[in-house]
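The structure under discussion appears below in the form of structure tokens.
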Amino acid sequence: MPDSSDTVLGDVMHKWAADLFKVCRSLTGPGVRESLSYLTNLLPDLTTHGVSTGTKAFDWAVPEEWTIREAYIEDESGRRLVDFNENNLHVVGYSIPTDLWMDLEELDAHLHSLPEQPDAIPYVTSYYSRRWGFCLTHKVRQLMKAGRYRAYIDSDLKPGIMNYGELIIEGDTEDEILLSTYICHPSMANNELSGPVVTTALARWLTSLESTRYTYRIIFVPETIGSVLYLSRHFQHLQKATVAGFVVTCVGDDRTYSFLPSRKGESLSDRVAEHVLKHMVGDYDRYTYLERGSDERQYCSPGIDLPICSIMRSKYGTYPEYHTSLDDLDLISPAGLEGSFRVLQTAIQVLEENYHYKAAFRCEPQLGKRGLYPTLSKKRNTDDTRLLMDVLAHADGDMDLIGLANHLGQDVTTMLPIIEKLREAKLLSRVT
Amino acid sequence: MPDSSDTVLGDVMHKWAADLFKVCRSLTGPGVRESLSYLTNLLPDLTTHGVSTGTKAFDWAVPEEWTIREAYIEDESGRRLVDFNENNLHVVGYSIPTDLWMDLEELDAHLHSLPEQPDAIPYVTSYYSRRWGFCLTHKVRQLMKAGRYRAYIDSDLKPGIMNYGELIIEGDTEDEILLSTYICHPSMANNELSGPVVTTALARWLTSLESTRYTYRIIFVPETIGSVLYLSRHFQHLQKATVAGFVVTCVGDDRTYSFLPSRKGESLSDRVAEHVLKHMVGDYDRYTYLERGSDERQYCSPGIDLPICSIMRSKYGTYPEYHTSLDDLDLISPAGLEGSFRVLQTAIQVLEENYHYKAAFRCEPQLGKRGLYPTLSKKRNTDDTRLLMDVLAHADGDMDLIGLANHLGQDVTTMLPIIEKLREAKLLSRVT
Amino acid sequence: MPDSSDTVLGDVMHKWAADLFKVCRSLTGPGVRESLSYLTNLLPDLTTHGVSTGTKAFDWAVPEEWTIREAYIEDESGRRLVDFNENNLHVVGYSIPTDLWMDLEELDAHLHSLPEQPDAIPYVTSYYSRRWGFCLTHKVRQLMKAGRYRAYIDSDLKPGIMNYGELIIEGDTEDEILLSTYICHPSMANNELSGPVVTTALARWLTSLESTRYTYRIIFVPETIGSVLYLSRHFQHLQKATVAGFVVTCVGDDRTYSFLPSRKGESLSDRVAEHVLKHMVGDYDRYTYLERGSDERQYCSPGIDLPICSIMRSKYGTYPEYHTSLDDLDLISPAGLEGSFRVLQTAIQVLEENYHYKAAFRCEPQLGKRGLYPTLSKKRNTDDTRLLMDVLAHADGDMDLIGLANHLGQDVTTMLPIIEKLREAKLLSRVT
């Protein structure tokens, strides 16, 4: 189990990502089950749920299950120009089966490439409209000559099961923190294997703790339909129980940190995220909810309104490798993954300690008799004594610890020992 | 009837102004009646009301009625140096009758001119203190030689009637929008024939509509005493019914647009005015309520507190021709009048559509099955799809359309087709 | 009695400070009583209270009473290197009695000097831990050679009395304004004889008034333990009665003005202080509550929450002479004391007039018939007429006078004659 102080945690996470990279995931199908099975080895208490095709979820229904076995484009000489076995991005997600010979001209309507990124295979899906297609680099596409080609896709699209994973770690209270990540992306790394592996590391760390204040609800779902389905089943409970939460996505590279707030902003999640990013990272990109793009679209939707935001590295849609084969294992790094883990871990630690505090006495207490104040009064107090006095001077129970830290221009992490000292001295107590 | 898309509407309004220009209006008297009679030809449902001299209105009383027939200054040779027939600004408003020969020295106390604008005849009134006087250009005044002059004013000042016009266009609801303009200024154009003619065009457009959501209350009153009198009769009803409104004044030139907020600001009127000015005009002068100067002084006064603001071109008091004979038909233009009409018309159209909208489903709806979303998922959505999704993502019924548009950085006008599309698809509904 | 227009008031206050300068004050003891006795000559109604050692006050207890008679360091030749009779800062406050010969090395642990201010004797106390010590200039300390020295302190530390002064000036209402200053500092001038002498001048001025709206509670207490004790006895009454108040400290030099807000800020005290400083001073230093350091620490503490702020000159802790012998009678000046007096006096005058005002009429009143408006309407109103109209236009009873002045960008002091004129004309009334 990764220890929070383990400097090789980044390597461990990167290895998990490498193990999972080749698996062809989609909204549904064997690749999802294989991935959840791998994660269950790491998280023995992870439960895999299955939901039948056609199950209603608000305006949606669970789609058919898609199985892909083989797919290629072959020329008349039998040479395979595009082969699913080489890269599972080569086939459009949810492609129906096909086996047809046709002219390049006709085939062309089924091909996707990126002229401005000639070495990248784009990631294309067609979940809700039946079609088939291939994705390839623009370089290869340009080499294809007029002639006959065979488009072969051995896939199934039929009633089945949509799977997702759920892990609930009971805390001292029924208040919950939600971590949500998605497992529907095939061979890409920042978006998205980084989310599942960092979430797995967080889950292992949380499981290893003797106890937690909050209950942790950690879910691995296919994006959109998975979170919509999950919400359709649990939103009333979640609305009551959820005090904070994060969509864990795009947490693998090491180019930047970024933040995307919840819809209404200023929730506990937003406040802890920005507090921790400010003090641990300093300089980070701050997006608005208008730039949303992952499952916060569901969690924060009108009528759901959960306090969910995202702490990320390079955000989906903003980096050149996004949704292409260039978003690979080289794009993410052990350091990138570990940095994200530390920031999210710290955010959780701060949430666990984020009580409202109240001073035990009216007026300043006499710190000297408790050894908390120099008995000799000279010109200046030390910074620590000053901070201790500032905490007491503002501890009226109205502000939570994050609010108090922000008001004092301090990092919660550096304040915790002082809070502890004051609680031990019975000068400060948590408001319950 | 001017059509809202009629490109010659500006010319039509300018002609109305030209027709009305020569009429000598004041707080009371035949000039007001003649003007209201002209407007009644354009607005058959306009009702002219009369209120007797002495009628109480809060701290005020309706003044005596003033009739002016002739006024001039004549020298001993019989030459008329100043003649009311040439410009009705030549006589101080509400001058009592006089017919006296006197030295220039004595006459001088009754003369008004502007040394810094030697070609301008100033506009001067003395409504509530009995006096007589003449206004003239400083050039002419300087040419007057010592000698005897005859000051002749053939006027009446006696108990009579104060008139105002009122047009109520019933809407689907009893909520009202107030348009108020004033008809007490003699031969001046931006301040003030532009207000009555643009208001008339708006009234004709509103009358031509099959139906409106709001009831429109449109009044043509003498400034100050007219609005005070009107409020003294109707303020309780207006406080209950009025959702928004505008004082229509100084809307004729084409030098600038400007905005003067209601006293408390942030009312629906202020919000729609600033939204429309921002998107239709971009750059406009924003005044504060401390720079008020027209009938918003009454509508926004303590105890009245109606949500009334002003959308103007060059504001009263800010342009050199203000309250002089230089504020003539050349100062206003068809384009200036038409631009003001379009902005006010758009503000009204936005008010009519300014509902609170609520999404039909929790979570995002499945747009693809409704043809509102590309079925093939690639890297980027179009701007229209994005805007449509942004509308749904924020439609929690809390924000009105103007608030939603401002939040999304959009123009209500460009959002309306998307709102319509979503309502047709039953994905969005008005909160009632 | 100092008259508020007396230009020599600064000299009078400076003389009081000079009279009191030599007295050796501390938390307790004869020096405090001597000082209170001097002030009672100036304020006949000042009551001196005594509280016994050991009396509980929240987390504190009244300390033993300290009497100091003599203290010196003598070398073997009988020469006194440090002598309490020359400057009472030479002995550490609350030093226990001692009479010991020792090597310089051993003595050194009991010596306090400031290497970076070699000519300054520092001010050091040890109220709550029994020790003894001497303070001296670094220059003298460096001249002390190895050898034997006698440390002699003739003091008492035994159960006794802690004294404070209290003066209550009854007003027309039971709402109170609190002035608090402290009397525990020995021979220093800005911090702190300036506070007691300016407070005394304010008390004399208030006593001289025929009547006041507010009741004034003026206390002279030892810092911290004095205000804590006072609050422990009166906080419930003070929470109900106190509408505003000031800690009067560091009001003697003439280098700057400064402001330290109450903990929550935006109280009436903060608002009047900033209004008056802005208009009387213009440029002043604005501290935050995090830079607090005097008795506002108690008055604004959680559970007390009185609206107390400080208007100061050079704030404690910010000027080089602070808490040393350099903070002497030359550091403060008659002009500095008088300027502080005027600002605090004006703040009190503004508080006395700070009513909510309501216009008598809906709509604008007719000012002309009351001689408050020119009867001849020309292009521009005078500034005074404009201000008068602005007051009426905003007098809805919601804003207090300070709020109204701030909204209009005016100084309350310049508005008062206009308020008076409008009240006389029965156009404006106070909201009660």
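Labels A, B and C are assigned to the chains in the order they are written; within every chain, residues are numbered from 1.
Heads up, the rule we're going with is that a contact is a pair of C-beta atoms (placed from the backbone, for glycine too) under 8 Å apart; a residue touches a chain by one contact, two chains touch by 3 or more.
This one's a predicted model, so the numbers in the text were calculated from it and none came from an experiment.
Under half of the residue numbers found at the subunit B and subunit C interface occur in both copies, marking it as a different-residue contact. On superposing C-alpha atoms, the copy subunit A sits rotated by 120° relative to subunit C, to the nearest 5. For the pair subunit B and subunit C, the distance between mean C-alpha positions equals 56 Å. For subunit C, no residue reaches two or more other chains under the stated contact definition. Contact residues of subunit A toward subunit C in the complex are 358-366, 368-369, 375-380, 390, 393-397, 408-409.
Across the complex, subunit A is touched by residues 57-60, 92-93, 112, 122, 124-129, 131, 133, 224, 227-228, 231-232, 235, 263, 289-290, 292, 297-298, 300-305, 317, 322-323 of subunit C.
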